[in-house]
Amino acid sequence: MHLHEAVLSNSHSGVAVLCAGAVAAAAGTAIGLRKMEHEQVPRVALVTSAFFVVSLIHVPLGVTSVHLVLNGLVGLLLGWSAFPALLVALLLQAVLFGHGGLLALGLNTLTMAAPAVVCHYLFRRAVVARRAGLASAAGFLAGAAAMLLGALLTASALWIAGKEFELLAKTVLGLHVAVAAVEGLITASVVSFLRKVRRDMLPASAAGRPAHARRSLQALLFTGTLLAVFGQTTAASAHKLFVFAAVRGDVIEGEVYYHGGDSAGNVKVSVFDPGGKLLGETTTDPEGKFEFQPRLCCDHRLIADAGLGHAAEYTVEAGELPAALGPPSARTPGDSPPDSAQGAEPLSPAAPARHAHGSPALANADLAAQTEALSRQIAALRQDLDRWKAQLRLQDILGGIGYILGVMGLIFFLGGKRKRT
Amino acid sequence: MNDALVLLDEVHFAYPPNRRVLAGCSLRLARSDRIGLIGSNGSGKTTLLKSIVGLVRPTAGRVEVFGRPRMHERDFQEVRGRVGLLFQDSDDQLFCPTVAEDVAFGPLNLGQTREEAAGIVAQTLQSLGLKGYEDRITYQLSGGEKRLVALAAVLAMQPEVLLLDEPTSGLDDDATERVVNVLAGLPQAMLIVSHDRSLLQRTAANCLRLSAGRLQQI
Amino acid sequence: MATAPQQPPWLGLPPLAVRVAWMDTLDPRGRMAAAVLVSAALAAANQLLTLVIALLTAAAAVRLARMGLRTAFRRLIPVNLFGLVLLLVLPLSTAPAPWFSVGRVGYSREGLLLALVIAVKANAIVLWIMALLGSLDTVRLGHALQHLGVPGKLAHLLLFTIRYLDVLHGEYLRLRAAMKLRGFRPGVNAHTYRTYGYLVGMLLVRSADRSERIVAAMKCRGFRGRFHVFHRFAFAPRDVWFAAGIFLILVSLELLEYS
């Protein structure tokens, strides 16, 4: 499935996905090129050419027709060279047909070539097995699995890019299930054809059990790392919802936002008391801010629900609330006397009335103002801290890239060591 | 006796598992010889040519090129620049995108600089009547043009011997005429495989027939 | 050096640019670099106004490159099919305060806006790429990439692939014609899938055979494991003007975006 960069470039996480995809694809291509001798370039090129022509074939499926991808077959035939081969094919498709964009090339290569390599190592033995039935079954599985894995990767990319793409991601996944069956059937047919006509095109039986096992493990490890880092770099908790609230005057003011800092508008916020009784509800404005007027002095549990299973919670403790509210709960030493210092704004028109109990009003008002100012600053600080924790930073991306390069280096080092002995 | 450029002595070759193609072929090609080779399809003519440049190794017999026996890959590396092989299918031979790149491929591999190679390209194309073809795209050429460009690509390496596998197959009359004229004017020693009797009459001095794996004079 | 665009009716596509346009006199490396920069700049733009203006400039560029607008729009069909899917799906998945509802299903304004932004952006990018690279024949594209720092083996892989696309496409067409002549009609059944499998298999086998012959031909001409680059490019003053023009357009777009 070719994604165009226009789909993903609207949010920071989307751009991060594009970059991470590009880096991972570059790593895979580097490995593929390294394993390809100069003399093998014509063979890989001709196979790539053949697959490009094949991708023009439309196979009927129900009322519509779908064009063939066959990345599982590419993987079976080419192994790691599937990365450079599919990169070239996708580049040509982008430039000649406008399928997918230039900037999304890396991501699209990753979603097609990584499953190809996985299927190579999973099924290479089975397709050259003695029993034809087993080989055909393996061919079917290779074709279908490669397609499904590719769809899974594309869907993950969309999902990570933003909550708004979740439904699209699920749709993409669903659409590919039917196609996967067709791909599997055709791959099985090609495998049985090649077994009869030119068996040497299929991967030769591996050098020996230990070498094969080790190399398969290496490959799976590497691909697994690529995918894991790909997910982690782009903030796997991309859709985590956060809610923060603080007391200003006599209202609870709060904000709801997503990991990465995007504000969450039109989200329902429900307020519960410690016993679970609903105290009230409100909705955030387009910038994610909301207000709630507390009437009881107790812990207020705020639950923000953005739908689709995203929810967040925050508790405003009773101690933060203005004291002159309803049935008081256990008084903590820090509480100010109930009839003064209600945290009312000095400018509030009701303030003079509340100070009518005869306490040294001015001194208390002063104290109240200072406490108010202090709590405002602390609230702002805490909010900043919270937001900062949730931000996706450049360091995260660079760290992820560092992981990929490090694992690559390790694999090359180990591989080189083997050659030297 | 050792002025033979190419000498095949009782060469045997069989494709696995058991398809015997050459069963004791002997051939001698001297400096100004032009020998035609005919035989039915599948008789092994192409295999014979391949054995001279080391693309296949005989199962028995001796291959001597330029006075030295050739048995290993490194023996043949020196041969390949000096013995030019023109393939039957030009699309297999013209694997570079443009004509200039393809003709320059050989000289560049022989160690020439880019400027020297460019000079050779211009010269070779001119001598074959292909002036101005440098920037043409190979896959867009007609059958006859492809054949001539492939020939240019082989000649650019300035070989001493030419092995030609069906040089006029698939060409129309005009193209055939052009190729025949070109071949007739070349100085190299040649071994020409062809079904085309008129071509052989005009270019080859004598002919051999390959049948049942052996060569016979006609 | 101005040569007519050498992309014939190819793979079933009509040629994009028929007359020699000034675009073809430019260095393809510059065109390729411009294509990437324009894609990046447009990808970074998220305001609808900027994108609409980008789309208009793209259409202008396509006309300037002497391309048929109708064929250009035909090429936009796949992008817009996806855009249609987006339009239907995206608004469903955003916040629970719908703009309007169809039955029990709510469509949100933010979702529609997002789908629109994406659709306009995608169209603008594809049109720009078509204007910049559409009349560039694949061979020169390969050469340009070779000289833009693409690693040697990869560049040659690209050039070889390009070289044989047409040949393999021809073989595919012949195989298809042969199938049709024997009464093959595609349907949703095992016979169809098996036949397509044989078609693909045959193509692969032929391509593998051909690749072996190519390696033999390469060896015959002294190939020893290293590919040499023969083609050269040279910058001309008009390339500098072109670069300046593109730069100006991009800067204006970004200024518009962030104002």
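First chain written, first letter: the chains are A, B and C, and each begins at residue 1.
Definition applied: a contact is a pair of C-beta atoms (placed from the backbone, for glycine too) under 8 Å apart; a residue touches a chain by one contact, two chains touch by 3 or more.
In this text, all values refer to a predicted model and were calculated from it rather than measured experimentally.
Asks: Which chain has its Cα centroid closest to the overall Cα centroid?
Replies: If one averages C-alpha positions chain by chain, the most central is C.
Asks: If you tally contacting C-beta pairs, which pair wins, A-C or B-C?
Replies: Here the pair linked by more C-beta pairs in contact is A-C.
Asks: Based on CA centres, what chain would you say lies at the far end from chain B?
Replies: Farthest from chain B by mean C-alpha position: A.
Asks: Can you compute the centre-to-centre distance for chain A and chain B, using the mean CA position of each chain? Integer Å is fine.
Replies: 59
Asks: Provide the C-alpha centroid distance between chain A and chain C, rounded to the nearest whole angstrom.
Replies: 28
Asks: Quick one: chain B and chain C, Cα centre-to-centre, how many Å?
Replies: Computed from C-alpha means, the inter-chain centre distance equals 40 Å.
Asks: Show the residues in chain C shared as contacts by 2 or more other chains, in ascending order.
Replies: 160, 162-164, 167, 210, 214, 218
Asks: Where in chain B do residues touch two or more of the other chains?
Replies: As it turns out, chain B has residues touching two or more other chains at 95.
Asks: Would you please write down the residue numbers of chain A that are in contact with two or more other chains?
Replies: If we look for residues of chain A contacting two or more partner chains, we find 42.
Asks: So in the complex, which bits of chain B are touching chain C?
Replies: 50, 53, 55, 77, 80-81, 84-85, 87, 89, 91-93, 95-98, 100-101, 104-106, 108-110, 114, 117-118, 135, 137-140, 153-154, 157
Asks: Considering only the defined contacts, which chain A positions touch chain C in the complex?
Replies: 4-7, 9-10, 15, 29, 33, 36-39, 41-50, 52-54, 56-57, 59-62, 68, 70, 73, 77, 84-85, 87-89, 91-92, 94-99, 101-103, 163-168, 171, 182, 185-190, 192-194, 197-198, 201, 264-268, 283, 306-308
Asks: How about chain C: which of its residues touch chain B in the complex?
Replies: Touching chain B: residues 3, 6, 8, 137, 139, 142-143, 159-160, 162-164, 166-167, 210, 213-214, 216-224, 228, 230-232 of chain C.
Asks: Along chain C, where are the residues that touch chain A in the complex?
Replies: 11-13, 35-36, 39-40, 42-44, 46, 75-76, 78-79, 82, 85-86, 89-90, 92-97, 110-111, 114, 117-119, 121-122, 125-126, 129-130, 133, 136, 138, 141, 151, 153-154, 156-158, 160-165, 167-169, 172, 186-188, 190, 192-194, 196-205, 207-208, 210-212, 214-215, 218, 225-227
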